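Chains: A, B, C and D, in written order; residue numbering restarts at 1 for each.
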Amino acid sequence: MGSGYGENVRISIFGQSHSAAIGVTIDGLPAGETLDLAQLQRFLNRRAPGGKEYATARRESDVPEILCGLVGGRTCGAPLTAIIRNGDAQPQDYAALKSTPRPGHADFTAQVKFDGAQDAAGGGHFSGRLTAPLCIAGGICLQLLAREGIRMISRIASIGGVSDAGELTESTADKPFPVVSDARGEQMRAAIAAARAEGDSVGGVIECAVLGAPAGLGEPMFGGMENRIAAIVFGIPAVKGIEFGAGFAAAAMRGSENNDAFALQDGRVVTKTNHCGGILGGITTGMPIRFCTAIKPTPSIAHEQESVDLDTMQNVKLRVGGRHDPCIVPRAVPCVEAAAAIAVYDALLARRREVRK
Amino acid sequence: MGSGYGENVRISIFGQSHSAAIGVTIDGLPAGETLDLAQLQRFLNRRAPGGKEYATARRESDVPEILCGLVGGRTCGAPLTAIIRNGDAQPQDYAALKSTPRPGHADFTAQVKFDGAQDAAGGGHFSGRLTAPLCIAGGICLQLLAREGIRMISRIASIGGVSDAGELTESTADKPFPVVSDARGEQMRAAIAAARAEGDSVGGVIECAVLGAPAGLGEPMFGGMENRIAAIVFGIPAVKGIEFGAGFAAAAMRGSENNDAFALQDGRVVTKTNHCGGILGGITTGMPIRFCTAIKPTPSIAHEQESVDLDTMQNVKLRVGGRHDPCIVPRAVPCVEAAAAIAVYDALLARRREVRK
Amino acid sequence: MGSGYGENVRISIFGQSHSAAIGVTIDGLPAGETLDLAQLQRFLNRRAPGGKEYATARRESDVPEILCGLVGGRTCGAPLTAIIRNGDAQPQDYAALKSTPRPGHADFTAQVKFDGAQDAAGGGHFSGRLTAPLCIAGGICLQLLAREGIRMISRIASIGGVSDAGELTESTADKPFPVVSDARGEQMRAAIAAARAEGDSVGGVIECAVLGAPAGLGEPMFGGMENRIAAIVFGIPAVKGIEFGAGFAAAAMRGSENNDAFALQDGRVVTKTNHCGGILGGITTGMPIRFCTAIKPTPSIAHEQESVDLDTMQNVKLRVGGRHDPCIVPRAVPCVEAAAAIAVYDALLARRREVRK
Amino acid sequence: MGSGYGENVRISIFGQSHSAAIGVTIDGLPAGETLDLAQLQRFLNRRAPGGKEYATARRESDVPEILCGLVGGRTCGAPLTAIIRNGDAQPQDYAALKSTPRPGHADFTAQVKFDGAQDAAGGGHFSGRLTAPLCIAGGICLQLLAREGIRMISRIASIGGVSDAGELTESTADKPFPVVSDARGEQMRAAIAAARAEGDSVGGVIECAVLGAPAGLGEPMFGGMENRIAAIVFGIPAVKGIEFGAGFAAAAMRGSENNDAFALQDGRVVTKTNHCGGILGGITTGMPIRFCTAIKPTPSIAHEQESVDLDTMQNVKLRVGGRHDPCIVPRAVPCVEAAAAIAVYDALLARRREVRK
C-alpha cells in the first residue's frame, strides 16, 4: 500500500524493474491544463544515464505512453496514466538474488516482506527504475507549478566527500552536471571515476530550493511542508537523510544566530536569512523552501561481499555481476525535484480550499 | 487537516497553548489491552520541565483525563480520547504577537495561513505544549510495542555543538539527562547554562533506536519506515532534519564501507554493521531502527530581535518577555520516542494484515 | 478506525454511551468563521427527546463544551473539539448485555469484534447517543453552508407504514414533527403511540433535500455525492437503506420517464424534473440534492425475545428493561441533516481546489 | 480524486471510453497468491454484452493485459496493474455532446465540473465501460475471498417492474440471465424487448448476498459494512439506491417483526431471520450480507429529448444516435458483485489486524 502519495493530487506508481511496463496514475490534476510533452521528455532525459563516466550502460529510452487523462494535449479531469514499456528485460542476471541477498539492497527485506513471492529480478518494485514514473508525475507537477510562478533549482552539494562551493543559484539550471563550482564538479567526477576504477561506488548530497512558493502552504503538525516533502523524498531509493534550511547545522547554532530576522522588502515581509528553509511551524514563509537530501553510495559494487544463502542458511561470499552506476547522485537530482514538485503542488491545491475569494 | 497521523492506528491531536484543554483521540487501538496509567504518567513526566537549569518555570502538571475508550483499565475498541486542562493561561503575555511575529516562531506563517484568525496566545496550535498529547498517544503505543518485544532507547547526541561520546546503549534509559558519557553531559549542561546566562538558546541532536522490531515492517516507496517516521517526527516543533543509520555521513562513504554485510547469528540473519539504520528499501531488516533528529535552538530568546509590524508595515525591534527554555532538547527526547512509537506501531498493525497464519 | 469521516474537513467522533464524555474533533474548518453557538444549541435540541409520546424519558441536556478551536467565537484554524459530559450513567442497567445480546442491537457483533472487551453499557460506542457529536459537527457545517447559500430541508416521509402526503418544501422547517401533511403526522403519532402501548416500536423514512448547492460538487466514481452521502449516513445507527432522487422507484421506470429534461430558467440550466436527485455521474446538477433514508424500527422493545447466552452457549429468553423510544425517526431527522451537511461541506471544500479564480 | 477506493487493498481506476486504454491498479494484494486468469476472464465475460436482445452491438473483447504485479502467475506484493486497450474508438459519434448534454447522462455535470475540458467522447471517464477495470479488481478479490470460504451469489430481483419470485439461492450461479424463476425471467426479457422496440429503456434491482463472511468484519460508525459497500457500489453508473437486509421495507415493520432472534446452530450463534442483512452496528453477524441495488433505466434512448445548447444557451431538441443497451441490469450484476467483493476483501484485511493470534 506504499506506492501512492498525495491528498489533493494522488499519484500511484506501479511496475517492477522487469515487468511488462512501469507507470504512474495521477488523479486530481486540474482539468484544462495543457501539458508540454516535449518539455516533459526533456525532464525525463535528465534522469536517464548521461555521460559514460558515471552511468550504467543499460539503455533506457523512457518515452512514456499516455494511456488516458489527456485529450488534445489538455488534461480532461480524469486520472492520467502513463506507462513505459520495459524493453530489454534480462531476468537471468538476477536468478540468484532471491537466495543470496545483496548487501545494501532490498533483496532481503523484500524476501521477508513478501515471503519469497517478490519479483527479485532487477530489484523488482524496489528498483531505481521506478523513479521514472515518479519523474513523469513530478515533471507534470513542475509544469503546473511554473504557471503559478513556482520553480525549482538544485545542485549536487557533494559527492564522495567533495563539496560544491558557493551558494545555490539558478546558474546550475542547464548544466548536465549541476554544480555551482565547475572546478569542484571536476573533483566530484574524479571521485566517481576513482570509485568506478576500484569497482566501488560513492554517494552524495543534493540541495534543492523551491522558488516562488507563496507563504501559507502546508498545515500544522503532521501536515507541515517538512513532513510532506520528507514523506515523498524518502520514497526515492538510497535516500537516507533530509534536512531543511540549516538542518543539522542549526542544532549547533545559538538561537540568536539561527533565528531569521523579519524585514520588509518591496512592501513584502521577508526574512533576512533563511536558516529555517522557508518553513516555520510547517508552513511556508514565502522565502525559498530549501532542503538537502543525503544519497547513500550505490549498493551495487563489484567487490566480493558477505551475504547469507537463505536456502541453505549458510554464510556465503557474493559477487554481483553486471554493470552498475558507480554514483547515482546526478541522476537522482531530477528525482528529488520531481518528488518535491509533487509535494508542493499537492500542498498548493490544499491551500486553494482555504483562501477566501 | 494536518493534526492527524496514521493509517492503522489513527491519532488526532487538538488544542492550543491557551485553549480550555488540549488532547488526543486514538482510533484503532486493539481492544482488550490493559494500559498502565502510572507508567504512562512516568513517561509524560519525562517531557515535563525537570531540572531548573534548562527548563521553563511554567508549571505543567500534564495529568491526562481519559474521557473514553477505556473500560476497567482496558481498551474497549472505541476511540480513546485523553485531555489535559490548561490551567494557568495568561493570554495577556502574548497580545502583541499577532502584529509583530517572533523570529523563528510560527507567528508569521500562522498569520498568513489563517488570515489573522489564528490563536496567537502562546503559539496556539503550534505550541510545543501540543507535544503533550503526542506523548500520551506515543506512551500508549510504547506499552503496546513492549508486549511485542519492541522497545526504544535514545540519547542526546549533542547539544550546542557538544557531542556525546560512545555508542547508544540501554545505559541511558533511567538517566534524567540521557547521555552515554556523563562527562559530556556536564559539558552540554554547561552550554545550556551559558546560553541561558546570555539570554540565548541552544539546539541539539537526539539519537533514537527501536530495538526488537521484526524484519518486514514498512512498505515500498512512500510507505517505507523512513517516510513514516519522518512524516510524524517533523510534527514536533523545532525539528529541522532527520537521518537514518549513517545518514548524511553515508553520503561521504564508499559503497564498500556503507553496505552492511549479511551474516548468520543464532540461526537468524543479521547485518554485521547497521549503516542502513535497520531499513533497506523502506522495510525493516530486523536490526535496530536507528535515526537522528536535529532540533533547532529554541527560538524564544531574550535578545532584542528584528521583526515587522504587520499592522503598520514597518520594521521594528522586538524583545520577547517571559521565561523560556534555553534548550528544549532534553524535553524533546520523549517526544521523539513517542512519535517513533506511533509510527512503528502503525506499521506493525499494517504488517498483521500480511502475515500468513 | 471507523469513527472518522471526511477528506477536506475531517471529523473524529469519540465516546461511549456511559463513558465520562462523548465528543467530536473537526479538523480543517476554515479559519475566521464565526459560529453561532445559540443556533447550534437549537439544532442540537432538535435531536433531544422532545414530546413525551415518542421519546425516552432519559434526560439528555447535550450542551457541548468547546475545548479548543474557537477564539472569541471564531474558528482559529486549529481543530475544534467539543465534548458533552455523560451525566446520568447507570451502567448497572446493562450488566447482562454482554452475555446475552439483544436482537437488533450491536451487542453480539461488538462482542465478536472486540473479543469481549467492548464497553457494553448502553451500547457503548454503538449507542444512538453518539449521534450527538455527529450533530455538533453537522450543525457547524450547516452554518458554514448557509453562508454559501446552501440549506437543508427535510421531513418524515413515513412512520410505521404511514406516509406523508405532498411534496417536501420548506414548510416543514419549524415544525417539531416535520411533515407536510399534519393530518398524516397525526396518524404517524398514533402509530407510534400504538407501538408504545404494545411494548413495540416502529421505523420510518426520512426525506432530505439540500437546496442551493452549486453544480459541480462531487467527483467521478467513488467520489460521487451519492457515495459520499451514503458513506456517512449509514454511520447513523438504524439506517438500513438510502436512495437518491427517484431511487428504487426509478428501477421500475422507463428511461423516457426517468430522464430529466434540461431546460433554461433565468439563464441557468435546470432540469424540468429531478428524478436523479440532483446528481448525475456522481456530480451535482445544481438542482436540489434529494435523498431518502430508511430507518429500521428501534430494536429496543419490551417484548420477550429469543437470544443466546454466550457464556453457557444456550438458547435463552430475554426481556430488555428500561424505558426506550418506540420510534427514533423524529430524532433521526437532524442526524440525517447533520450527516449530509458534513458530506456536502466536505465536497464543497474539495471543489474549491478546482475552480479557477 | 474519486477514482480510488480502499484502505487495505487500494484500487485506482483510470481511462475514458475512448482513451488509448482503460485499466486499474490494485495496491495491497497479499504476495504469493496465485491468480486464475482464465477464471478472471470468465468473470469479465459476464459483464460483456451477451444475448442480442438486451445488449449493445459494440464489440468489447475486454481481455486485460497485466502490466505488473504478477510473477509466474502469482502476486508479488507490488501493485498489480491491468489495462484493456480501447479498440474501436469512434469519437466522431459524440462530437455534439459537449454543447448539448444528454438527459440522464453526466454530460452536463462533467461540463461544469471540468469547465469544458472533459473527454466527452462516449461519456469519457463516466462511461459504463469503466466498470471493466472495476470487474478486473473485483474478480481478483472474488478469487481471494473464495480461499477464505467467502463467495457471492446474486440475481436480478426485478426489471422494468417485473419482480423475480422466490428467495435468492445459489441456483442462479450459472445462469446467463440470473433469476430464480425463469418464468419471471422471460417476462423481464419481454419487458426489455418491448422497451427496445419503442426506442426506450428499463432499469431494475439487483440482489446480492455474500456467503461465508465471518462475524466481526467492518468497523463502527463510518467504517461499517453498509458504509463501505455503499461507498463503492454507488461508483457504478446508474445506481440510485441501496438497501441492506429488509432495507426500506424494514421502515414499515414493527421492531418485534424486524429484530432477528439469536439462536444456536451447530454450536454457532446464528439469527433465525436475516432482516438486518447480516450487519448489526455496521459489523457482520456471520449470516449472509444481503443487499439490493437500484439501477435506473439506461439514459440512452432513441426518443427525442429536451436539452439545452450550452454554446448558444437555447432550449433544443436532442436525438441520441447509435445503438445502446435498452437495459444494463444483466451486465451490472457482475459489477455489483465486483464492487462488493472489493469492499468485503478490504474489510477482511482490516480485520486481520485485530484478531489475536
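By our rule, a contact is a pair of C-beta atoms (placed from the backbone, for glycine too) under 8 Å apart; a residue touches a chain by one contact, two chains touch by 3 or more.
As the structure is a computational prediction, the values presented were derived from the model and not from experiment.
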* To do: With chain centres defined as mean CA positions, report which chain is farthest from chain C.
  => A
* Please state whether A-C or A-D has more C-beta contact pairs across its interface. => A-D
* **Whole-Å gap between the CA centroids of chain A and chain C** => 45
* With chain centres taken as the means of their Cα atoms, state the distance from chain C to chain D in Å. => 26
* For chain A and chain D, let me know how many angstrom lie between their CA-based centres, rounded off. => 39
* Asked: Using the touch rule from the top of the page, what residues of chain A touch 2 or more other chains?
  -> 1-4, 7-8, 13, 31-32, 77-78, 110, 113, 115, 125, 220, 350, 354, 356
* Going by the contact rule at the top, pick out the chain A residues touching chain D in the complex. => 1-4, 8-10, 12-16, 19-23, 25, 27-28, 31-32, 65-69, 71, 74-81, 83, 110, 113-119, 121, 124-125
* Structure fact -> The chain D residues in contact with chain C across the complex are 1-5, 7, 13, 101, 103-106, 108-110, 112-113, 115, 125-126, 130, 158, 160-161, 195, 200-205, 215-216, 218-224, 226-228, 230-232, 234-235, 237, 239-248, 250-264, 267, 269, 271-272, 275-277, 279-286, 292, 294-301, 303, 305-308, 310, 313-315, 350, 354, 356
* Considering the complex alone, what residue numbers of chain A touch chain C? -> 7-8, 30-32, 77-78, 220, 349-350, 352-354, 356-357
